[in-house]
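Listed after this line are the structures, all set down as structure tokens.
You will see chain A twice below: alongside chain B first, and alongside chain C after that.
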Partner chain A sequence: MENTRIIGVYDDEKKLFASIDSIQEKGYEIADVITPFAIEEIFEKLNLKTNINIAAFLYALFGGVIGVFLFLYYTAVFDYPLNIGGKPPLSLTFIVIIFVGTIFVTVLLTLLTFFIRDKKGPGAKEHFQYPGITDDKFLILIDKSPDFTDKDVKGINKILTDGGAIKIDEK
Partner chain B sequence: MEEKFTFSPKLKYFSFALIAIGIITFIIGYMSNPDRAWANILIGNYYFLALAIGATFFLAIQYISQSGWSSAFKRIPESMAGYIPIAAIIMLLMIFGMSYLYSWTHPHEAGIFDEHELHLLHHKAPYLNVPFFIARMVIYFLLWVVLTKYLRKLSMKEDIEGGLDNFKKSELYSKILIFVLAITFTFAAFDWLMSLEPIWFSTLFSVKNFISAFYHGSAVIVLIAILLYNKGYIQFLNKAHLHDFSKYIFMPAILFGYLWYSQYMLIWYANIPEETTYFITRRGLSQNLFVLNVMLNWAIPFVVLLPNFLAKNKNVLIAVIIIILVGHYVDIYEEIMPGATGEYTFGFIEVGTFLGFAGLFIFSTAHYLSKANLIPINHPYLNESLHHSAH
Partner chain C sequence: MYNKDVRGILIKGNKSYGDITSEVLASQEKRAPLWWYFAMFVGSVMFLAGIWAIGETIIKGIGLWGNNNSVAWGWAIINFVWWIGIGHAGTAFSIFLLVLRQKWRTSINRAAEAMTVFAVLAAGLFPVIHMGRIWDAFFILPYPNTRGLWVNYNSPLFWDVVAISTYLFTSAAFWYFGMIPDLATVRDRSKSKIKKQIFHIMSFGWVGTAKSWLRFEVTALIVGGLAAPLVIAVHSIVSMDFATSVFPGWHTTIFPPYFVIGAIFSGFAMVMTLMIIIRKEFKLGDFVTDSHLEAIAKILTFISLIMGTAYATEIFIAWYSGVDAEMYTFFHNRITGDYAVQFWTMVTCNAIIPQLFWFKKIRKNLVWLFIISIIINIGMWFERFNIVVTSLSKDFLPANWVEYSATTTEVLIYAGTIGLFIVGVLLFMRFIPMMAMNELKMVNKETSIDKN
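What follows is the complex of A and B.
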């Protein structure tokens, strides 16, 4: 860990939203919010943007639709055409395999992108660990930058406690 | 939060004018070509019945999934379901046109069926005969009318009494409703549409029609919601609602495309003469219409509603809904016309009869909308719907 973080632990997401608002009002930057489940409002409050859906669309288009089609064309038409029931080798049945193949390719590539962008995956070092974050605890993390004075730290702690944090920690 | 929709005289006279056009064109059509006139009655009536059934299914899903976001709009599908009794009356009137529409009612007439086909029809006779056909029709409509009216009654009671009792009952009846709808609508599509070509059969046909009904029904719900908003009602409608609404267009669009393709591909691949006649007739009559169906109902909505910012835009949604409503007509026209008349004819009789049914549908929907509060004031999830923001 390069720098320590102030951690506010909550057990109610309603209180968490209020605290996020009041911390942002005071002008402090929130490094991260950790919740046991996805909460849409936090994306809005922290102004988190993602382009992964655009990436997924491009994967589906080029990797899936075009890629799988070319693969099928090479195998079933160019390299080894088989006569199945008198149907032409380049036929409507391609769509079924393209459909399934597109989902497969897109999911794998999107997952891979997510792992690379987030430095996750098998064998990766864990970023952050705290008891209860996969259970019922909601965490606000604030980076403790070197130019924070004691007054700042106390101020943040006060906002967190006033907002209903059940515990304040540093890590 | 009480809001009432006023059925303006302008809209009333507009719908009456449309109904008058419909009646006149039907009479003219009946004089010149009864086959075509009855086929148009079936197209128009089935078109709007499918919308009403789809809307009912939408409503039932909202109850079962206990979804909050849609609760403020539930009067719209409830009002659309008001068309079902009207459809029942017209379908029962259609009994007089049965001999024009359904060739299996007079199979021994010369030149319709050959020896082999007559043999097949003889096997189907225990199911496909006139008295049983009418009995089934009565049962379907009885079930649909009773269940939708009861849901509506519970919803009205909730407005006055409040509390959770009516909501819980509605949820239970919604569960019954979707099972009833799934079974009865399957057989209804077999009876009314598939039996137009009594030799042909497809097991995917009914599923496709049911999904199509759900698809276009929910599209019309969205259309009515946006039109109401533009008229100054339901001002709480926001981007998050529109996004959720457009998911209900996007998702069944994919399902429709999937089932359309499955039906076509399986029949094409199996290559059984009894099955392929359906597509050979249609592609022989018009290759363009055949492709247009899947373009309007799947390709355009799929591509347009894919980007997030377009799916939340009211004007884009209205444009897409109009396109898929045309697509719905093309789909039903393609299913009915070649079976009933043996050709594609499109003229003022088609347009006029359709307008007549549109008038009926507008009248019944607006009438039921004006009968009750536009917003279900005592719905347990109403607050969630009014302040819906997550997307």
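What follows is the complex of A and C.
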């Protein structure tokens, strides 16, 4: 079972940034931040990284360039070389198909990687729900560890309130 | 580099994030206006007429069309290239401007991408039905079969199949992917249980955590970055259907860039047509401002100049080559002769009329913008007519010279694809957030708040 979380609700991202800084300065760990749109400053503040770009490069190289070339080579040169006007079976026209095929394979696999890594899919359950998070509310979630004393909780609440939270909640 | 002082305010009215959500979703949450039902009726009738004509073609054969031994490609290929061209702008608009960090794209990209999907669907119909025996259409795919044969990779027609199917997949995936956070917004605002459930399925469990947003942004940039060269490749490949042949008027190296720029021209014009309707009829003038439309008009002016240069270059090269067949095609079958009307319609609509956009008064006038955007698409249809019909009707052998005119079946199929497009766009306007709300919110403060 998941821990209870302390939730700070904001209506302005600037206030959210200040609260994130204060919480991190006091040494508390932020479990998650939820926003209605992408905010690059938050990625930096939470030091978030993703390897999807590296995965996409590998898909393009192995699935796309090499994979499509091998398929074309096998079918057109090895399995059944067609003689069309005496043109060589291993032809430069492969480049056109490899170019488009690489894009297809990379787009498909990159999207699949996103959905698998982020556990998203048709009908997937929302792992957290709170009014307004996809509209105009910004949330900071802090895991309420069993080690937290009342003083810790009050301290966190104070940081959130001082930072401009319009509401503090627990869930 | 993006400069807000150059582009002006992107979202008018000092809106809060909540206002953006409410105003963009108002079209779904209120009853549809009367004109929507009327347009839906007209679109559906056209679509059904097209289905009937396609059915007739499949049952009775391609003999129902005006095509003949010389003009083997008629309206079907004209319409195919026309629709693919229109379909180009969505992705071009969205992706080129995304990669170039142009923030004014945020109000327009969703509708442009939707337009792409429906236009490419319409385009894809034509090569399939042009095969005649559509039940054998899968022969074009490279799959292990009892014949022991693979397809001919040297044929531009096969490149077309690969390029267009990849383009349809990539555009549709990019469109849907970008929409997931907004579908979650609709889910969270829905009061009806059924609607909530449908959007729960469609929004893929989106919540909006920082990690999800990071992955989302990186994935969108990768897919967008890959689709950008695809846009160039697809229409270049379509042009090679023509350019790799030896027909006068077709055998030219200018075709790939000429086709790509022409496609973006017609697509941007269609984006303008749609955005004017969306702005006017759904009262979204705060999001699609005069400066958005002016930006599109300026792009169209520039592309129109390129189109004019391309037409002049083709004519000059035909004369400079000294090849009789090329000279005949351009000077006696296009500029003068049987197809002069179509040629001059093309030049007037594409190279001359859009130059009116040099006048600020016209760029700021919705009626003029709307009319010229329609004129450009008419001109672009005639461009494809010129390319396909004039070259095929009179080639090297005068004994084979024929005239071509479309039959009712061909006209109805074309009308059917327009119906498909209208129905698709109307459904999009009614049931899906017309603008990328999450992206609008992203640029709202930086470009608009307190600058109004």
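One rule holds for everything that comes next: the second predicted complex is superposed on the first by the 160 of 171 C-alpha atoms of A that agree within 3 Å, B and C clash if a C-alpha of one lies under 4 Å from a C-alpha of the other, contacts with A are read in each partner's own complex, and residues count from 1 in each chain.
Note that contacts are C-beta pairs under 8 Å (C-beta built on N, C-alpha and C of every residue); 3 or more make two chains touch, one makes a residue touch a chain.
Bear in mind the structure is a predicted one, so any value in this text is a computation, not a measurement.
**Student:** Just checking: does A:I156 make contact with chain B only, chain C only, both, or neither of them? Give me first, second, both or neither.
**Tutor:** neither
**Student:** Should A:I52 be classified as contacting the first partner (chain B), the second (chain C), both, or neither?
**Tutor:** The answer is second: A:I52 touches chain C but not chain B.
**Student:** In this superposed model, does chain C or chain B come into contact with more residues of chain A?
**Tutor:** With both complexes superposed on chain A, more residues of chain A are touched by C.
**Student:** In the superposed arrangement, does A:I23 touch chain B (first), chain C (second), both or neither?
**Tutor:** neither
**Student:** Is A:I6 in contact with chain B, with chain C, with both, or with neither (first, second, both, neither)?
**Tutor:** After superposition on chain A, A:I6 lies in contact with neither partner.
**Student:** Does the superposition put A:D79 against chain B (first), chain C (second), both, or neither?
**Tutor:** In the superposition, A:D79 touches chain C alone.
**Student:** Once chain A of both complexes is superposed, is A:T93 in touch with chain B (first), chain C (second), both, or neither?
**Tutor:** Touch partners of A:T93: chain B and chain C.
**Student:** Would you check which partner chain A:E41 touches, where first means chain B only, second means chain C only, and both and neither mean what they say?
**Tutor:** A:E41 sits against chain B, while chain C stays out of touch.
**Student:** Using the touch definition from the top, say if A:I142 reaches chain B (first), chain C (second), both or neither.
**Tutor:** neither
**Student:** List the residues of chain A that touch chain B in one complex and chain C in the other.
**Tutor:** On chain A, the overlap between the chain B and chain C contacts is residues 53, 87, 93, 96.
**Student:** In the complex of these two chains, what residues of chain A are touching chain B?
**Tutor:** Touching chain B from chain A are residues 40-41, 53, 57, 85, 87, 92-93, 95-96.
**Student:** For the complex, give me every residue of chain B touching chain A.
**Tutor:** The contact residues of chain B facing chain A are 261, 264-265, 268-269, 271, 306, 308, 389-391.
**Student:** So in the complex, the part of chain A that touches chain C is made up of which residues?
**Tutor:** Touching chain C: residues 32-39, 42-43, 46, 48-50, 52-53, 56, 71-72, 75-76, 79-80, 82, 84, 87, 91, 93-94, 96-97, 99-101, 103-104, 106-108, 110-111, 113-115, 117-129, 131-136 of chain A.
**Student:** Which positions of chain C touch chain A when the two form their complex?
**Tutor:** Interface residues on chain C, with respect to chain A: 16-18, 21, 142, 148-150, 152-154, 158-159, 162-163, 166, 169-170, 173-174, 177, 180-181, 184-185, 187-189, 200-202, 204-219, 222-223, 226-227, 229-230, 233, 237, 438-439, 441-442.
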